[in-house]
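The next part holds the structures, each set out as C-alpha cells.
Common to both upcoming complexes is subunit A, partnered first by subunit B, then by subunit C.
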Partner chain A sequence: MAEAAAVAAESLAGGRARAARTVLNQVVLPGEELLLPEQEDAEGPGGGGERPLRLNAGVRSRVRVVCGPGLRRCGDRLLVTKCGRLRHKEPGSGSGGGVYWVDSQQKRYVPVKGDHVIGIVTAKSGDIFKVDVGGSEPASLSYLAFEGATKRNRPNVQVGDLIYGQFVVANKDMEPEMVCIDSCGRANGMGVIGHDGLLFKVTLGLIRKLLAPDCEIIQEVGKLYPLEIVFGMNGRIWVKAKTIQQTLILANILEACEHMTADQRKQIFSRLAES
Partner chain B sequence: DTSVLAGVYGPAEVKVSKEIFNKATLEVILRPKIGLPGVAEKSREQLIRNTCEAVVLGALHPRTSITTVLQVVSDAGSLLACCLNATCMALVDAGVPMRALFCGITCALDSDGTLVLDPTAKQEKEARAVLTFALDSVERKLLMSTTKGLYSDAELQQCLAAAQAASQHVFRFYRESLQRRYSKS
Partner chain C sequence: MAAERKTKLSKNLLRMKFMQRGLDSETKKQLEEEEKKIIGEEHWYLDLPALTEKESFIIEEQSFLLCEDLLYGRMSFRGFNPEVEKLMLQMNDKNKAEVVEDKTEEVDVSDEEMARRYETLVGTIGKKFAKKRDRANYEEDENGGVKLIKAKKMFLKPQD
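Up next is the complex of A and B:
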C-alpha cells in the first residue's frame, strides 16, 4: 500500500518541473525541466500564500543565467539533455545569475572553441594538415599557425606527429580549425609534441578532474619521479618519463585513477614511492 | 531471462552518401544470437531507429552518425522491449543529448482477454495478440507501437494504460542505476 502511494507520488513528481536550486549536485536525467530562481518565486508555494503587492506589476528584474553543457533553454525553463550531476557557479563579478551545467561522464569528444587538445596528423594536403582530434571530423591546421612559421620557413611536421593546439573555429556546422599559437602569436607550450613518450585515452570527466585547480593526483604523481605530461581536453594524455617502465607505470596509474577512491590511491603511491 | 548488450558509437564520421545536412544520422544494428540477421531483425531495427529519432536531439550534431549496435545474448520473450530499454540506457551512458528517456513495454492478450505484461516466449506464442509500446519519460506519451494479432479498441486502450503504469518501474530502475553509477565517482 505504501509502495503504491510512493509510486503514485513519483509519477506526479515526474511531470512537474523542480527548482534548479533544490537539485544542485544531484543526478539529473534527460527530460527533466528545471526552474530558475526568479521563476519559482513567481509560481509560489502552492496557492495559499499571500503575494506582496508590487507597484509596477509585470516588471521583474531579469537575471541572466548561462546554460552550460548538458542543458538547453526550453521556453523559460532549462531542459536537461544529458545525465549527470547538476552544478552551479556563482557569478564572479556580480552581474548575471551564474552558470548552470551538467557534469556528465562520456568518452566521445565534441570540439569546443578554445579547448586545448592533442591531435594526430593524418594527412598533409597543400597548405593545411588534417589532424584527428577524436571528434566526428578531422580538424584542419594551417602550416602558418605555428610560432615563427612563414611561407619560406615551413614547420617540420610529418604525418603521424602529435600536435598540441587549440580550436579557433569549432561549431556544429563547420569543420573544426585549430592553431598552435595564441592570440599574440606565441606558441605558449603548443606545437609538435616530442617523439618519445606514450599517448593514451581516458574519459573526458577524468581529464576535467585532473585539470581542476587543486588536483591531488597530479601533485602526488609529480613527487614520484621527473616527468612530462600533456593533457588534451579530448581525452588524450601524453606522458614521458626517463625510462619506459616509469612511463608505463604512470599511464596505468592515470587510467586507474578514475575508479579508485582516495585511500586506494594513497596506498598505491606509497607502495611505488618505496620501490 | 531476456538480455541484450547495447553499444552506442557517436557522434562519429559518416559517409557522404548517408550524411544529413541538418541532423545526425541514426543507425541501429541488431544481431541475433544465432544465425545471420534477417528480415525480422531489419524491421526491429527500423522500429528502434524511429523511436530514437523522436527522442535524440540530432540537430546538435549535424553531418555525424550515431550508431547503436545491439547483440542478443538470450531471448526468453519480450525481445523488442528489452532492446528499446538497452538502447535508451546506452544512449544516456554515451552522453548523446536527448529530450527525454524512453522505455519499451510488451503486453500479451490471451484468448480470454487477460492482460499479461512482459510475457515469456511461451505466453507470446499462445497469446491472441502481442502489443509492444515505447513510452517517453516526460508525460508517458506513446512514441512507437507495434502489434500482432486480434484485439479490440477497448483492449488496446486497456493495454496502453497498463503499459503506462508499468513504465514507471522501468524509469525508476533507470534513475537508480544512473545514480549508482554517478555515486562511485
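Up next is the complex of A and C:
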C-alpha cells in the first residue's frame, strides 16, 4: 500500500526516467528522459532496492545509438524535445544500436542537410539565386550548381520558377545553401520543375507518410490517370495532370487524405474511378 | 697574449650547428635539455588537471533520411513523364538492397587453346625476325605450326 503510493508519487513528480524500449510507439512529451537498453539493467528494479550482483559490473558493451529528430542527448540518456510517438529502427547491418526518433507533426519546416525540397526563386543577385524554401530565411543557390552549367553556359532560371534541390549547408548558424546536383555532378531529377501544374502546402508528417515505401494512397492515385507529382520535404507538393480539373482533384485528394480513414478514402477513389 | 685569454663565444654562437659538430653526445644532450627548459618556461599552459573526455555513444542527427526509408520525391504515373519514371526506378532501386547475381565469367577461348595458339605464334613471329640464314632452321609441323629446330652450330674440330 505504502509502496504503491510512493511509486505513484514518484512517477507523478516525473523524476523517474523510463526505458526507451518500453515506450516504443507510445506518446512521449517534451522533457521526458529515456534510458537506453544497456542502462536499464544498472538502474535496478525498484530504483532504491538492492542491486543484483553482476560479475561483469564494470564492463558495459556500448553500442552506438543515433538519436534522430525530436530527441536530444542528455548525458547518457535521451531527452525528448517534441511530442509525438517514439519510434525505433533496428540497425540493418554493421554498426549497432539503431535509430530512435519522435514521429511528430508540424507545418513549419526547418532546413536540414540532405533534404530534397521544392523552392520558389524570389531573387537573382549576381551569381546566386535566392530561393524561398519555407524556412526562416531564403536559401542561396549558385548558378553553377546545375548540371552542365558553366560560367558561359548559364542555366535558364527566372524569378518565380520552381526548383527541386537538396541542401548542402543547413544549420542554425548559417544561411542555408542548396544545390541541384549530387556529389557526382549529375542532376538526378533535380533542377527547374516544368511549367504548369499546381503547388500547394501540406504538413510535414503527411509528406513522410506519402513517401513511405508501402503507401497505399500513392498506389491508388497512380491508377486514376496519368499524372506527375513532386514531393518536397518542406511540406510542398507539386502536381500536374493533363487537364486543370484532374490537377485540382488530385490536389484536393492529397490535402484531404491526411484526415480521412482508409474506408472514406476507398469510397472517394471508387467514386472517382466511376466518373 | 691571444693564447692566454680564451675568446668568449656567445651562447647563440655555441648553439649554431657548425659549432656542435665537434661536441660529443653528452654535451649535446645537455644543451638540448637546457633549450627545452628555456622554451618550457616561456610557453604558457593551463594549470588544470588533465580532463578525461567522455566518450559519447549517442549521435545526434536531425535528418529523417536515416530514420525512415523514404522513396524518391519525384513520381510519374501512367507514362506522363517518361524520364521521371526512369528516374523512379533508378533511385528506388538504389535504396533497396538488391541481390547482386554472381555472374560467372564467361571465357570465350579456353586456356588450352590459348596455350596452343601461343606456342605456334612464337614460331611464326620468330621466323619473321630471324636472319635469312636462320630461316632454314624453322620447320613446319603437321598442324601448320611453325617450330624452330635449332641445330647448334658448334666448332667442329678438324680431323686431322
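Here are some notes:
Here is the rule we go by: the second predicted complex is superposed on the first by the 250 of 275 C-alpha atoms of A that agree within 3 Å, B and C clash if a C-alpha of one lies under 4 Å from a C-alpha of the other, contacts with A are read in each partner's own complex, and residues count from 1 in each chain.
The rule is simple: a residue touches a chain if its C-beta (ideal position, glycine included) is under 8 Å from a C-beta of that chain, and two chains touch if they have at least 3 such contacts.
Quantities reported herein were computed from a predicted structural model and do not represent experimental measurements.
When the two complexes are overlaid on subunit A, subunit B and subunit C sit side by side with no clash. The partner that reaches more residues of subunit A, of the two candidates subunit B and subunit C, is C. In the superposed pair of complexes, A:K151 makes contact with neither subunit B nor subunit C. After overlaying the two complexes on the shared chain, residue contacts for A:K82 are found with subunit B alone; subunit C is out of touch. Contact with subunit C, but none with subunit B, is seen for A:V65 once the two complexes are overlaid on the shared chain. In the superposition on chain A, no contact is made by A:R271 with either subunit B or subunit C. The vertex angle at subunit A, taken between the C-alpha centres of subunit B and subunit C once both structures are aligned on chain A, is 130 degrees to the nearest 10. In the superposed model, A:H195 lies in contact with neither subunit B nor subunit C. By the document's definition of touching, of the two partners only subunit B reaches A:S104; subunit C does not. Fitting both structures onto chain A leaves subunit B and subunit C with a minimum C-alpha separation of 11 Å. Residues 72, 110 of subunit A lie at the contact with subunit B in one complex and at the contact with subunit C in the other. Here subunit A touches subunit B in the complex through residues 7, 10-11, 14-15, 27, 29-31, 70, 72, 79, 81-85, 104-108, 110, 135-137, 172-173, 205, 258-259, going by the rule given at the top.
Residues of subunit C touching subunit A in their complex: 55-81, 84, 87, 91, 97. Within the complex formed with subunit C, the residues of subunit A that make contact are 36, 62-69, 71-73, 76, 78, 87, 89, 92, 97, 99, 101, 110, 112-116, 164, 188-189, 208, 211-213, 218, 221-223, 225-233, 240-242.
Chain contact summary for the complex, subunit B toward subunit A: residues 10-14, 57, 60-65, 92-95, 97-101, 136-140, 168-169, 171-172, 174-175, 178-179, 181-185.
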